[in-house]
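Chain lettering (A, B, C, D and E) follows the sequence in which the chains are written, and residue indices restart at 1 in each chain.
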Amino acid sequence: MDIFLQQLINGLTVGSLYALVALGYTMVYGVMKLINFAHGDLVALSAFAGLTIYVEIFGEGTNSLFIVLSVFVITALIIAFVGVLLERLAYRPLRTAPRLSAVVSALGASLVIQNSIMLIWGPNMKIFPSNLFPSTIWNLNGVVFTFTQVMIMGISALLMVGLYIFINKTKMGTAIRATAIDQDAAKLMGINVNRVIMTIFIIGSALGAVAGLFIGINYRGITFDMGWTYGLNAFVAAIMGGIGNIPGAMLGGILLGLFNAMISGYISSEWAETFTFVLLVVILIFRPTGILGETIAEKV
Amino acid sequence: MSENKNLLEIKNLHVSYGAIKAIKGIDIHVKEGEVVAILGANGAGKTTTLRTISGLLRSNSGEIIFDGKDITKTPAHDIVSLGMSHSPEGRRVFGTLSTEENLLMGAYILKKYDKKVLDWIYEILPRLKERRGQLAGTLSGGEQQMLAIGRSIMSNPKLLILDEPSLGLAPVLVKVIFKAIKEISKSGVTVLLVEQNAKAALKLADRGYVLELGKISYEGNSEELLNSKTIQEAYLGKKK
Amino acid sequence: MSDYLLEIKDVSKFFHGLVAIDDLSMKVKKGQIYGIIGPNGAGKTTLFNCITGLYTPEKGEIIWEGKKINGIAPYKIAELGILRTFQTIRLFSEMSVAENIMSGRHIKSNQKWYNGIIHTPSMKKDEKKNWLKVGELMDFFELSKYATTPAGDLSYGLQRRIEMARALAAEPKLLILDEPAAGLNENETIKLAQTIREVRDQGVTILMIEHDMDMVMSLCEYITVINFGAKISEGEPSFVQDDPVVVEAYIGSDEDE
Amino acid sequence: MRQSYKIAIVFLIVMGFFPLFSNSSWLAVGTTFLIYSVVAFSQDIILGRAGAFQMGHALFFGLGAYATAILNVHFGVPIIYTFIPAILIPLIMAIVLAGPIIHLKGDYLLVATIGFNIIFIQVIQNDIFGLTGGPNGIFGIDVVRIFGVEFMSQTAIYYMSFMLLTLTLLIMRNLDASKYGRAMFYINKDDIAAQSMGINVRYYKLYAFALGSAIAGAAGSMFAIQYSAVSPEAFNVVQSIMFFTIVLVGGSASLPGVLIGTFVMFVLPEIFREFATARYLVFGLAMILTMILRPRGIWPVKFGNIPNYLKKDTK
Amino acid sequence: MKRRLLKLATSVVATSALVASLNAADVIKIGVQAPITGKYANEGQSIDNGVKLIVDQYNAKGGVLGKKIEVVSCDDEGVAQKAAICARKLVNAGVLAVIGSYTSGATEAAQTTYYRNGVLQTSDGTSDSLTKHKYWTFFRNSFPNSAEAEFTAKYFVNVKHYKKIAVLSDYSSYATGLADATAKAIKNLNGNVIYRGKIKSGTQNFTAVLTKIKSLNPDVIYFSGYYNDGGLLRAQQVQLGIKADFVGGDSNDNPDFMKLAGSSAKGTYLINVPTPDILPYDIAKKFLKDYKAKYGMMPASIWTLLNIDGLRAVLYGVEQTKSTDTKKISNFLHKLKGFPGITGPVNFRSDGERIGGGYMAYEVQGDNSYKIVYK
């Protein structure tokens, strides 16, 4: 039983990270119907930027709540800015172009960010210092969890609740939902669609930035191409949940994390990805637009 | 009333969809306080005209002047702030937002929505009040139309543009809708509407334009239009 | 076998619980020009979509030459000989006029799966036969000089013609026209009516939705009037035109008289 | 399109004489270009023509390569005989895999095909049945022998690839002028109109998948011969994305477009190898710029290829 | 006109080819096939640097057989497919011998191409399968997995007396080979392997597998893969509160292992041949000094030195046979005995295997230095 609980915690940790990243995919998709392939690379960029900010500004070895918080905030701001820049330069000019053109642009942007990371920080693995978070470990009847894991799950949950409230209870949030449903109608309400899209990139990138820093802090070793792995998983999570649907992304992320942990723990880690994608295909066969996705009938 | 100044003035407007010329040089004006109807068959260019006025489409040439300002190149969302509100064809309510959220979106440009306007909408369209918490997508067609109209006056517009408000509605609902439009007009809002229900529209309107193949083929007072054969011909093909 | 080519029996179609077609029945005779009229949003196009298999009605039967066809895939309906045009023109707009019309020859072409890879003499013959048929149609519809022009670059009137030529290329038994005159000018409309008559004279039954009443009244032999998805009147043009129910539905009811 | 056939013929002539002016290093680059062009064309059949968002094409390329490698190395089948299974296995797998998901819309199909590609990589990495050699793949693939003659030199392999590309171009030409090729375009441009004209969307999409995958399989076999080794990285999702991008950057369904796309995405990086890592950065920027400036690709397709006997008085 | 042009063009090409081949005769080309970028970049760059250092030293003395030596490097990124491409490239460039690659997989993927084209290859790859084909072109400059496996098994069963042993590898042929050989050797000594699993290299999150291992309660976790996964495995093992010892195979011997494991590095055991700094030979000390002088740092690990010995043996072969005929050199090397190498005497068997080898077990200390605990 404690092994099961342990796997549950393992799965929830990764699942929270997937969910944070998946939100970025799903929000952009919801409004722009675009798979932002560069989103995963923003996550990687965040880890590198965060490390540099920590080391260069505060100095390796220092640590305090203020420092950690500052690293998170500054990194999130930088990544949000890069996200906005990305939209401005690579996606906005293509808003009326054929859909696949924007997909190629997104793939190009992914290459640009990934290789910029490599040129700036080098091709080798960089290693996060181990002292950013206390190395406290709790052990409850054999179920072990670290301070970092608690932070990952806790902060992710908080951010997701916050996002949920923002999207559902605020005027801007409602405007975002309205824009996602019908851009023209939204314009007729006086909603500045460009600003809505900018907001989405800010939020999505910032959430991705938090995920990137957590990945660095928890797993320590970061590589320039790691965005691809996390990005793909998060993207799959978003599709599973029903891309464009915010609760769907959260559900998909957690589900994917748990599923992965359980498969690796109980069946075989060798075949974990296969199981993941078989699950995805099965979901899509039965629910062609994901678990919480709506089926939209085409107007003839 | 007809001595009032022009609130909206369209001069020699041309609009194309790709290679197809949809609007071929039309002139329309709407005076403050008026109700003006644009009539015409399917494909005549009525909706295109409205979408161009509210900034969703760009014209090839011509001028659109609203409340003294040239808005020919102003983006749609800024036009709303100038006091024009457009309730589009097919209602286009936000299906996964609740009725009240839809209404509040109508007041997006205001810092805070006007409680009085909301109450007034609930008063003239009481069905919306009953349905305030329900998702707009689950409303009936008539209720969605009420919502679309209600939503478009939440911003306290000077000019309300309505595209086919009676489309696909049962007569009893058409009655409710037109009554509400009358109320809105009475409160001082200028109305420009496109309608296929010519009789109902002309009964409400002061003046009307008949649009055929992207050109104005007839314009005049409502009575003139109603009594003329034009409408009968245009709609029922009673040969001249 | 019944006398009727197409029979609609008590068909209903719902969207999200709202009724779009309400218990509708009608019968189309072979060789007829049959009109369906009614205000916008009355459910006419929905009915066409049901007949052509794009929608499956929840209730009732659609009977084609004595056989029930509801629930059958659209491409099979076309193979049965029911072809259509669309209210909002659906051409392959980047492709040339000739290529557009050639799509109608699809079901008449008997090329085998390997002909996509290897050309055989019989296949080349088939190809030539079909292109020549396209040529004939282009001549008939006066489209020959636009043969290689992308369909999307042409005017509304020409596009409507291409759509019709495309449907006719399949040599249909029933041609369904969804507002063929929408966006056409007077001359074009008159010519269209003439074309429709000629097509019928070649043995094609015609079922059409149209708003241009001049055209409907002069062209159609039988008319069904739909409002709110239900039939409110039917009969010959002269009857329908004067039916007070129809007048009210069209011009609109007087409210508080 | 007639113009594009002329371009194709000029291209074939140039490529046919290329070995006379080239050393073996450049010949190797040329061979890779030829093989990848074939794969790009096969991707184009599915993505550019039938309009199915296929982002797992490397899977079928890989199936062909592994079929040749496994049969040759483990079962001693002469290379020349492995061609047939290298074509048939991807063809059958394409139908089996795409069958249940072919109805999925755009992006959902895209992610499902990515999924198949990833599963394929995992299967070969796990050295299934001890046949695939795990992450290191299979080495020591034999050279082509016909009647005891060894075709081992780079020039020989170059010309084999050249033949394969010529054959592929021939198939593309035949496809374009057939009911099957046109049906794909109709589905791509408007599937509802296509259905209403009696076109079975599912059937023709599967046909495109089957044909595209079979050609990719043949290219895979050639790839295995060229490098006498196959391993998972050559067939992973990144490669699939490359093929996907080639078609769209070059121009969907455009013969010169796809060739330009392949040249830009595979040959330029070889030429600029000295710039090592910065080249991919430039690449990404070029992809974005191309799409902004030419959203339909560098050399977009032009329709209107009708037989001459129909061109009476076209304007 | 066209024909004349063609003739002209062919003659130009022919002359330039001739010139090129004349040039080629003046130099001896040595290829380096190594992971210069990618996951194992620091090992690959170090090998590349080492080769260039030695070649410079030779050229300073006038080269070999009066010819200058030229280095042609190719980056295989530690990826088999890239290795196959490198093999084609280096063969086409006309190299005499290739040094590398670092990983067994990349080495094996290139092996056949070198063999078919008669190009010598010397690599540090430890996978047993490398010498299986008995290619006359291949020479291993390190010691095979089987030797390490036997040493590890003896250490586990006879010295540490572990009762429950968990064996982990990644998917690479080298690591799976080493892990399987080790598990087999342990069983031969009647040891008890309770778990044999694989992780996917680079996935970072190994908690699921470790949790499973935890439920089996082993005395030791042995990992045969590479340092970048090993360090994380160790860190996550400690996080999860798994008390077992952690023993890493030779590829974990890299400074990054310590960085990744952080405070958990202390107490880890590593098994490898002697580390550079404890090599007793003068020639080793000189090489390390020269390397440090030229590049400002030490070589990444012992693997660089092993490859350098491979290079030195090949050049020695050229000098002794006074020939650039690879077949002749190969015959010479197959009989090579006691050539003084940086990593000890170099002796080759007829199948290209290097004879000898002395493995050691180190315990990582608090300051990340090594303490020899068994040899």
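Rule of thumb we're sticking to: a contact is a pair of C-beta atoms (placed from the backbone, for glycine too) under 8 Å apart; a residue touches a chain by one contact, two chains touch by 3 or more.
Being a predicted model, the structure only gives us computed values, none of them experimental.
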item: Chain pair with more C-beta contacts, A-B versus A-D; value: A-D
item: Most distant chain from subunit B by Cα centroid; value: E
item: Chain centre separation in whole Å, for subunit C relative to subunit B (CA means); value: 32
item: Euclidean distance of C-alpha centroids - subunit C vs subunit E, Å; value: 73
item: Distance from the mean Cα position of subunit E to that of subunit A, given in whole angstrom; value: 38
item: Residues of subunit E whose C-beta touches two or more other chains; value: 37
item: Multi-chain contact sites of subunit A, meaning residues that touch two or more partners; value: 123, 270, 273, 300
item: Overlap residues in subunit D, where contacts from two or more other chains coincide; value: 126, 192, 277
item: Of all residues in subunit D, those that touch subunit E in their complex; value: 20-21, 23-25, 27-28, 125-126, 133-137, 139-141, 143, 152, 154, 226-234, 276-277
item: Contact footprint of subunit B on subunit C as seen in their complex; value: 16, 18, 39-42, 152-156, 159, 179, 182-185, 211-217, 228, 241, 247, 250-256
item: Residues of subunit A defined as touching subunit B within the complex; value: 171, 174-175, 177-178, 181-182, 184-193, 294
item: Parts of subunit C lying in touch with subunit D, wherever the complex brings them together; value: 52-54, 73-76, 78-79, 83-84, 86, 90-96, 98-99, 102-104, 106-107, 109, 111, 113, 115-119, 123, 127-128, 131-132, 134-135, 138, 144-150, 166-167, 170
item: Complex interface listing, subunit B residues touching subunit C; value: 18-21, 41-43, 137-138, 140-141, 164, 166-171, 174-175, 178-179, 196-201, 203, 213, 231-232, 235-239
